[in-house]
């Protein structure tokens, strides 16, 4: 079995875990982490394809996209974290009241 | 596509707002506003120039860095894109003007609102970028730009409600983006290209493609608050500041719709089936009914308006079933495609104008009364006739009464429904209109009703009311150039000849 | 043939522009407002006169603006349209005067007059529409522009009435919309009068066309207040008298009736409609409404409510006349557009005057009022006789033609309906006359408003007298060339010759 | 021109006398001058005109019977107007009276000169509704009640009338009234149409069984109004019948028989009921019904065929003329006994006596002549039972005499003023006396054809001085007078009611009302039930409001929306959406 | 062998991801998240994506982890009974759940499983696209740099990269909007601890140099603006934690200058070149190398500043005066 196949399956699993986490987790931080895990899965998928398509060097375009994606995801996650902390400060809530 | 005339305008349309936004950061609150307003006007002017240019040259492209696709990124400004850009510019200018006066009127309360200007310009750049983009990954970046800016704007008021709503919105947006990106990854993996034009040619139907289509659709549906995923919209839109609510509902959600439209039409045409379109249509139909009903049942003005957005976006989804041919229908005979397209475009525009006006009016009312319980509308007709008028006119457009843009959209939609023989959508459209009338006129009824309590009534600058009214009128005025606009759009890649891609599609899974 | 003329647009503008300008004025600039109002009204009447004259010379006035392929905004002058436009314009002029008097010193006059102007714009627009789409546009515009007038008083009652009004009219509009779209899809853009288009389609699309017909009919029937879609009309009585007057005489209800006429005569064509057997249900509903409205009117003590139910009843005369094929009944239906208009407007004017001058809203309070305001109640009495169908008032002419038309086609039951309605009309109207003229006042009658020696304000009195005399004249001089009857007869004859 | 003046002048006079104080003072003269065109038309044979501008193109023209009636009408209105001018001088509502008086006058003239359906109907209605104002004039409860019943009956009449007109005009294909009888004669539905007209105009005529408003309404009006009501306006119904009746063209046995028998029933029955009354005007009203019954008989004979319309209709008109003048004389006369004293009373009684004789067909009166016309036709007709009818006719002379002598008796009971007084309005009364029924013999009124038919070569004077005819006219009257005198003389026989009528005026009406009363409660209950039912059936919007304004509805929809907003359900929604779409793609 | 390693790594990543979400205590979650990030970084290395690995380790695991860790200062006190209850409730095992309806969770679980299967099938069957390796290889000489990833990032798809640098700035603005302060106060954590200060002083130049090295090395090998930016950002974070909040000592305009110089210079350069007739971000091949280096440097500076600002903002969030007031 080729390497990328393992990771590509992993990527799908991570994505599903992430999306499940978003839907099921209660705590803000867990929800945010779940999105990051989702992102991890997606990036893994990209990079696996890059490895698959490697010649003398791995396909650089997915790499570049993943780097971009990671930064974007981190920016979003940081923002989400800021919101979560702000909410906690103001209300003491750690999860969405509607989900309780 | 490479052979199209090139122009530097697409690059400037994205670059300039960001530059101005960056510049504005150096200023303190008043300066930010000045720079921001100037930047808005500048960007709008650019959009106008772009419109003129496309009208003259037809579609233009801009190959970034000189690297042609698939390696590089190409910005494509076709009529459809430029119509969206133009709409953004028009609505954007009005909202900017509104924001200028709105924040000036409230300057003493919070200086933080000046962040509105850079964020809004970033958002604008993101929107322009989105409309121009011809690259799957670039689209992801632009929707992220839009998403972050949109949420940031949504929480600008700093109220607890808006924070909760913002976080919910942000999580939904991230989830949507990630799902979208997953699809992009799979597509890239199976084709090795990201350029929409190339993808449209080489994408093969298959399980992976279908899956990618599904997650992309899901991601975009979340972003545009399509029916089962509308959960974030009402709280987010209703708790934001007035100009922000207007932006979010008028423009931001349309971005996702735009991508969805483009991708379905240009890339995934081959994987679509009639039944799939029907399901999207069904989602839209449920959104129309559910959103309208919810709006009808709300007691707060902004919540009413926000729920109404859910319904109005449902209409947008309802054009999809009309764009996908049933098995056995020949492309040449499908004369309903053009009405359906027009319906989509006009629904976007009409809703943008009307909803922006609506939210701005809500902002005015909140400014005057201090809250937005629908009781605050009482006696509005005599206190603020102009705002009442704006609400009335915008509402009329939402309902789809002639001769508003909303009417035009519904007319075309119904026409498409009739021509295609998919008559089952007609009752939905009408029920939606009917329920919309219910809440719009509930508001108007209150506006004419006598005031119950002697709440303090603060006067609101006239300029704000004028802006709201002008936007509302805009939702009517867009009808007048309709014929030219349709002709203009038909010269577009996607809209006219590009439609063929959908019609030829549908082979897979149809038998 | 497609000559474009701006005149129809000007006719619309002659009320739309003043309306908008009024909206821009301040509330206290009443003299400017009055000037605009009267200027607009007079301009409209003269423009219509101009167009009428031109049309009679054989000129064609068409204004087409294409919104989208198959979706045109068409204003076109034809005799039927002009007929209705003239009615609207003239009555608008009169009602404007009345309203100026009626609302003197009232609140929100700016809003009132602006929407009043819009309302009449919509009404003339309906009259001059050249095709179904344009008709629909103005039809909806009418709904909207009337709403602020209905809720003008701003009381809870008024506002709730407005709610019901809107639910009905919007619902009707929605259904009409469906029909209009469907029709334009099946038949393409149809100008009024191009009945051959539908006629050529009936072999293939009979069912669809029938369904569309009934959809549109249902939509129009709301405004025409045909049972069971009539309840909005009595409820929206809360509006000020000039509004009720215009609403009932011209603008709203007539839009529905006029629409039915257009639909049957100019879209489907009588032959086609008759061939497809579409008219019988209309006739039945209309007939039932005639009786039902009258019966309900019997029990109303509120003056305006009684008038409203009477309107419900009277309007269906038009629908009934349309539903019976034949020159005579068509003439009756078309002429009743005008006749009912001037008679009913007189009645509402009178009701408004009584309410404003003496504060009487109930019929039971009106004892002896006739001697105090002989001109008002005299005009009212004329209108009453017209409504009953007594000569020589206008209503007789309509009824005469309707009755003859019914007999001509052998629909004897229609005659019975007409007679029953006449009897009921007498039963609910004559008591008002009796109280006003032949009963002694219960207490001393003290007028609240009056000017000089006149029984009430001159601006209110003149209109009612004028319309009263008009309703008399329309009957007495029915045979004169240029009378409503003669025009209606010409319209009907043209219809049947085509 | 004169045709229009006939109608316009009364209207003008009505307005002048109603609204202008000077006009109010000189109302009598104004009205008299307003009648002049009508009288002129009645006397001079003018050719008809067409008014294209009026209504649905009007035609005005006259034929002999209508000319006779117009003359009668003109005279009656003129004298009544003069009479009213002074009689109602001090009445508070004089202006109002003049208004209705003038309007009714215009209507009455108009319907006579109209030659086509629309204007005929117009003026008929004008007259009918204007006379409501005359009936209710005194505003007493009695008058109000009478007026109400009058109005109801009038409207019912109008409804039948308009129906008949619709059908007739449709049948004739022309609006001209002259075309109607031939058309009806041809039309298989002719009898039905005529029957509808019979009912429609029968209300006005006071035919059995539609007469019951009449004894209430005619007496309720002031004397001059009663005079025209009973003398002139009642003839309008007759005119209507004449317009519809294809006399001499058809042989409608049953209709003819019906009319004749109803006519005789009226002639005898009304007289008998009239005897039970105590009010002289009621008495006269019954007499009118009775006399109209006789006229019904004449028309009924005409419908059996055999006798040309050209003979019967003028005869009918002449009969009407005689009756009209005499009845008006008597009605006006009811105002006299209380005001006339001394020497003038002799004149008064003489005049009244003449009137009574004229109606009863006494010797040397116009009544004799007009009745003789009827007898002639009865003799000539082949209608079965004609002989019986002749006897009945004689009998009716007796009953009429009885009735009218009872009338005189009732007048006699009125206390006379002690001094030698005479009111100004005796002058028009005398004028009317002079215009009496003898004129029916004059060549000006009597068509030559008719005269030739009746008198053959003998000439009219030969007939008039004929002893036999006078005798046969005299004996029934004598019988009547003797019976009356006897019953009054002997207390045991004097069973005449003095204070309260034996049968209330309107007799038959009370049965209806009684029946109505029986059902009234039920009816009222039903009506209120109907109304409340209709009221509670509020439009569908109410149901809608009930749903939307309900708290529970909003709770349910709120909780549904909350559920949809929960992340878990978003997830479930996602999977459902995803899987469905997957299956569909 | 490699399959085994890969499989183990994959299973580890999945396990950590699951554990991360299922952990009972928040602090566990955060630490497992760190571990997950490292596992992922290892994965990148296994897949030959060194750049990604560096970025992942630096930003996704490192920076994000620090942010989460910092956030625990807020949330950890609350992870007492209340939080545990919540977590217990969150357990997807049936039977434990008494308060909440079970059906939705079952449905959700079922959906997840189905979705997993479908996505596995989808990724497994992905057709063999060729990727863009060949094209990149052909174009690489024209790009001005030798390392293909850098070439893609800063030349071929510079537009994306530019937007992305912008996104970081927007993220910062968004955090401001969410309630952060534009004005930097002195950190509450004073670095009285001499050891910490020494450590910080020791690491600062090393980090700086390493960052500069990465930046320059990015031209020919893994590295570039992002890792460099993160490393420099780490300096700022450390200094902040060490009681030397850099962002407060520099003037406001300078702060904004360094925050915006990355995207600003990027786009200004692009516009400048556009005036010469080329398209946006079209570098003349001769100067491409040097221009890219300058752009990278600017970008790294901005990224560093932005990350620092993000951290300090979040770090300060728990000490918002309004919060303190409300607590009192």
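A, B, C, D and E are the chain letters, set down in written order, and residue numbers restart from 1 in every chain.
The working rule: contacts are C-beta pairs under 8 Å (C-beta built on N, C-alpha and C of every residue); 3 or more make two chains touch, one makes a residue touch a chain.
All values reported here derive from a predicted model rather than from experimental measurement.
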Steps needed, at minimum, to go from chain C to chain E via contacts: 2
Intersection of the contact lists for chain A and chain E: B, D
Farthest chain (mean CA position) relative to chain C: E
Maximum centroid distance from chain A, chain identifier (CA atoms): D
Selected interface, B-E versus B-D, where C-beta contact pairs are more numerous: B-E
Chain nearest the overall Cα centroid: C
Inter-centroid spacing, chain E versus chain D (mean Cα positions, whole Å): 107
Chain B and chain C, separation of their C-alpha mean positions in angstrom: 42
Computed distance of Cα centres, chain D from chain C, in Å: 38
Separation of mean Cα positions, chain B and chain A [Å, integer]: 27
Chain A residues counted as touching two or more neighbouring chains: 8, 11, 15, 18-20, 22-24, 39, 45, 48-49, 52-53, 61-62, 65, 68, 72-73, 75-77, 79, 83-84, 86, 90, 96
Contacts with two or more other chains, residues of chain D listed in rising order: 565-568, 570-571, 574, 576, 578, 582
Chain C, residues touching no fewer than two other chains: 167
Touch relationships between chains, expressed as pairs: A-B, A-D, A-E, B-C, B-D, B-E, C-D, D-E
Interfacial residue positions of chain C with respect to chain B in the complex: 23, 66-71, 73, 107-108, 110-111, 136-137, 140-141, 143-144, 147-148, 151-152, 154-156, 158-160, 162-163, 166-167, 170-171, 173-175, 177-178, 181-182, 184-186
Residue numbers on chain D that touch chain B, as the complex places them: 548, 553-554, 557-558, 561, 564-567, 570, 573-574, 576-578, 580-582, 584-585
Chain A residues within the chain B interface of the complex: 8, 11, 15, 18-19, 22, 28, 31-32, 35, 38-39, 41-42, 45-46, 48-49, 52-53, 61-62, 65, 68-69, 72-73, 75-77, 79-80, 83-84, 86-87, 90-91, 93, 96-97
Residues of chain D defined as touching chain E within the complex: 568-569, 571-572, 574-576, 578-579, 582
Chain B to chain D touching residues, read off their complex: 210-211, 213-214, 217-218, 221, 228-231, 235, 271-273, 275-276, 278-280, 283, 293-294, 296-297, 438, 509
